[in-house]
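Below, chain A partners chain B and then partners chain C, in two separate complexes.
Our next item is the complex of A and B:
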């Protein structure tokens, strides 16, 4: 093994930060729903890809700027998130069963995407596609930079809202002790619907970022599940910033492994890191 | 009088012809159809390419029935969705034989599913003609016949063809980087490329492997850029080639000469980043391939049907051609033996050559593979054109280097 050059190492680490922010952005809504609503929503990945395809359609066929598609995608996926939560709550689906039910929903979404857009690859060519900045000897692609900025802004905003607003406090109280929170006048049903809507909107935003940076194909939905789950578990359930930070740790560890050794070692390193951190972190039960 | 006689004779001929046609049509209409069973990955990760095989199969069966079917019987194609899962393909082939009771089999798409189908065909002693089997050494069953004309030792012959083409180019490479997915059917070819490159005196400056499904190509691109190879061999399957090209572009790097094993044909040729990218082919939409019997009609029909099926790239290239070839082999075997007896068909295929749109195929080599018919193609002006060997090159096309 030869030691990589400083530029190679820095460029690889930067690539890890960018892919990590994508893991984090995808994991943010998943982790919030898991931690605060006790719903393991696998359909979150399906929603993200559905949003990516909608963005592709609106931008490539409708000629709309991909970022402007957020104006439609955010409210639409907010409503979808609420609808799923309403259904799960209406039928009192348990956390484990929510995993199964939303897996089924993901399969339906995948089939729907394949029906409308076929299984063929779709690549969004937009004004942002080839843009990159040069910082010293490093190249910073604009679509990935947008993902990073969105992940950080959304992560901090949600964290602040959870910490400093009454709504956030109510949501945390519901997650900790729902009957007690209800006794203090917190409307569980309304708050759960609102949070599920936010998670749906986050999936929509992640989808737009996916469309900006990646070539789309329906079966790619599942390629993200393992590593995003790892980021969510590592970052902590119910935390908006945790998955972003953990995603970056996973992304950078994978990227640096690829710079030093064979890329096929990358998943071994990142998942070993996950196991080690889960075993060694303080307060584990 | 003479005119009246001629008229009567003409009327008689016309009536007889009509009667014969009607009888033929009636015979084809009343006889039980010959049922051909297969699976295709109509959903799942392989669905994009499997859709090509579905469209081609439908075209071929339609053409076959227009020609009167097989043995005077109409042909019915039963295709099931194996969801890109080899284990499901095995079950479905079992069902096709035991429940649907099909007369003949046609292979599924992709090496894994074909291996599964092969084991079922072997158990029931059926002929299995398949389109895209990538690892000939694994094809042990004596009644399987490939339409994917790689020859019996592609890990040696395919890279040899590529390096010979490059050696004849205006700027032969001196250094090589081999980067490859660990997907079995491309991985062994990439390992073969390393060996052949070594024998030919190319200096290997980088060798990397990644797991199929890798999401971050940034570090791989950075390492390629750092290694500065004259020639980049990419053992890519489907979208991986495009993903690597995009990652290299993000760090402002374009490889001097670059080869992709099994790229997604449409997305790669349409990508501006893929300028001068090389790959392998056995058929492209230009002479001399289009001179083959039936090729032009097939191409026109495929353009129309593929567009209707929502396939973004409607050009006929290796996948569609291999699929058409497989059906041609099946038809030739039935017509050659005048039966649907699997033993007779297998014996006939081993003893005879089959004229296809790829060229004349033989099945008398190891694992029933014949000649390696792979040629080198290149992305030029947004389309694939064959550039090597000269006799198969598109009119006026030569291998371009950056």
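Our next item is the complex of A and C:
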């Protein structure tokens, strides 16, 4: 083990922040649905990849600016999120069974992606790819920076909405005690559908960020599951900003581990953190 | 089958079916029975894969000798993880699932980065396949067949045994199970160990079958998700459900992926999973197979059960004799706080052998908390409760139950997926008497007759009305044959006629020599039954003494009815 230089370490930490914001952006919708709707939505990852491929298709074949695809992707995935929620609540599925049902859904999405785009690697070449800013001695890639900015902006706006609007209060009340909130006049179904739609839209936005920064292949859907779950658990269920912060902690610790040891040791950091957290924290979120 | 000289394809296909039957059935022993869904089955399977791969591939240990080692390594891994995880009260449900999944990835990283694998994978192509049949594929078939039959037999035996009933109770309500005497920690650990050992053996055989193992190919999310899917599809409460689910899904996967429509196959499996979860949340077998007929004909219970005769005390002593009786339970200085609220603030009281002690007090005075602390449902912050030479507060809940203390819950907490009979039999099996399953079923019917529930013995608790559910609580308490029975508002919510019946019932219980602590709001009941009463107010003992004397005290009236206004 060689000791890496200061600049290398800072660059690693920075890339950890960027990958961490991707974890956070993916985890935000997952954690909100888990904490507030009691739905563990594995299809969130499927949706994100579907959005990524759509963005890839529109941008590389249609020649549209990748960020403009959001105008289509956000409403589409809002509707998809609502559809899944409608289906799951129609059959009043338990949290554990929601995990299994949405795993089935993810398999269908994966098959669909593989059918249309094959299992080959796809990389979106756009005006943003390869662009780098130079800050001090460090390189800041633009697509990753976009992910970070989006994660922070979305995290803070949802946090503020949850805290300061009646809608947000109603959602938190529903998560706390749904029958009681309903007795006070909160429309449970409508709010759940709305929140699920927001989570779906978040998956869509995360997908566009995936397309901007990463090479896509259908089987990669599952590669994100473990570490994003870790970020969500660390950050707290139902919290919009928690997964972003936790994602960065995980991302930076992974990146630093990679700088010191071999990259293949990186997973042990996030998962050991997750195990320690699950065992040591006093109560449930 | 291998001796029929079928094409190797059939033997290999059946090997795969048996392989998944073993993995799904072994997973179900912990996760299906007890409800602790593990997403870490891949870790234990992988531990077996790598034990065999390293021993046979690198150290030339004969293959069959590596299988017990694979079982041992996987079991030790599971026991080690369980010993830590099962101690933590809040790691249940989805948190347990996540934790076991995370453990899989940690193990994978260690295997990948250490000489166990080191990166390039391990070859077993030079390892000879044991000759159990004319062909190698036949030998694999034989090994997997034996293991599958063995695994299903173990799953069946556990489901029918004490361990199985305990695990089912843990599934429904772990805290209540523990209070009724189920050693939850030990049972979960045993089930986890057995489950992991079987997965380890399956892994060992699979290592030789694929003959080249890699960390990424072994420790992925496929194994845990597939076994969960198979078991849930088949029905997790049944010993045979996972095997049915495994067979169905393996055939489905093969039928759809063997052809060149691999992509369509994936989508079909996904769609089947979604449909199965939405339409059959309890699996193909659902409740039909979950009924645990214990083979006791109802007729056999017409005669009184002899075990109890020795315990029956013929005469009821007069209330005035209460003062001279020995102290059965001595509570001293018991304190319990919830986030700063002092629910119990140094309670001292004695319960004497053979008496009915009424515990009364306004709402929030600590009555139920007292029962919860003495029965081990909550841990006390301070104090002691000496019962026959031991301090109950130092014992885990299931040891308190075994020592001869039983309780009822104010809001009935029956085990929802067990029949009324099994609910009561469980108390007899794990309470003070610790009967064997067959005997316990007879005793259960006796107490169901005693409480007038015999006609509902095969119903599920969800089908009972409140009155019946309350009496089921009583029957469970009685079947444990406790020396001390604590009744927590067992009569609240009943109609006056039902209360009269219940008073009569409690008098009959007392006549059998059981000491009773009666927490009650209905004063008519307290005065009819209790010789002495203790009044609690804001977590302290306000008064203790003979019922009539205490009720006459002005401060008791104030605590109960408020300050009189002139």
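By our rule, the second predicted complex is superposed on the first by the 280 of 285 C-alpha atoms of A that agree within 3 Å, B and C clash if a C-alpha of one lies under 4 Å from a C-alpha of the other, contacts with A are read in each partner's own complex, and residues count from 1 in each chain.
Following the convention adopted for this analysis, contacts are C-beta pairs under 8 Å (C-beta built on N, C-alpha and C of every residue); 3 or more make two chains touch, one makes a residue touch a chain.
Predicted model, so just to flag it, every value in this text is computed and none were measured.
Because the two structures share chain A, they can be overlaid on it, and in that overlay chain B clashes with chain C.
In the superposition on chain A, contact of A:71 is made with neither chain B nor chain C.
Touch criterion met: A:97 reaches chain C, while chain B stays clear of it.
Of the two partner chains, chain B is the only one that A:139 touches; chain C does not reach it. Residue contacts after overlaying the shared chain place A:229 against chain C, while chain B stays out of touching range. Applying the stated contact rule after C-alpha superposition, one finds that A:127 touches neither chain B nor chain C. In the superposed pair of complexes, A:263 makes contact with chain B only, with no contact to chain C.
Contact with chain B, but none with chain C, is seen for A:215 once the two complexes are overlaid on the shared chain.
Applying the stated contact rule after C-alpha superposition, one finds that A:271 touches chain C and leaves chain B untouched. When the two structures are aligned on the shared chain, A:79 is found in touch with neither chain B nor chain C.
Shared interface residues of chain A (contacting chain B in one complex, chain C in the other): 110-111, 114, 262, 264, 266-267.
Those residues of chain A lying in contact with chain C across their complex are 40, 87, 91, 93-97, 99-101, 103-108, 110-112, 114-115, 222, 225-226, 229-230, 233, 262, 264-268, 271-272, 274-275, 278-279, 281, 283-284. Interface residues of chain B, counted against chain A in their complex, comprise 43-45, 47-48, 50-51, 84, 182, 208-211, 213-216, 218-220, 222-223, 225-226, 238-239, 242-243, 246-247, 249-252, 264, 266-267, 271, 309-313.
Of all residues in chain A, those touching chain B in their complex are 4-5, 7-8, 11-12, 14-16, 18-19, 110-111, 114, 117-123, 130, 132, 134, 139, 141, 144, 214-215, 217-219, 223-224, 227, 251, 254-256, 258-259, 262-264, 266-267.
On the side of chain C, the complex with chain A involves touching residues 37, 84-85, 88, 90-91, 93-95, 97-99, 101-103, 105-106, 108-110, 112-113, 119, 220-221, 225, 228-229, 232, 263-267, 269-274, 277-279, 281.
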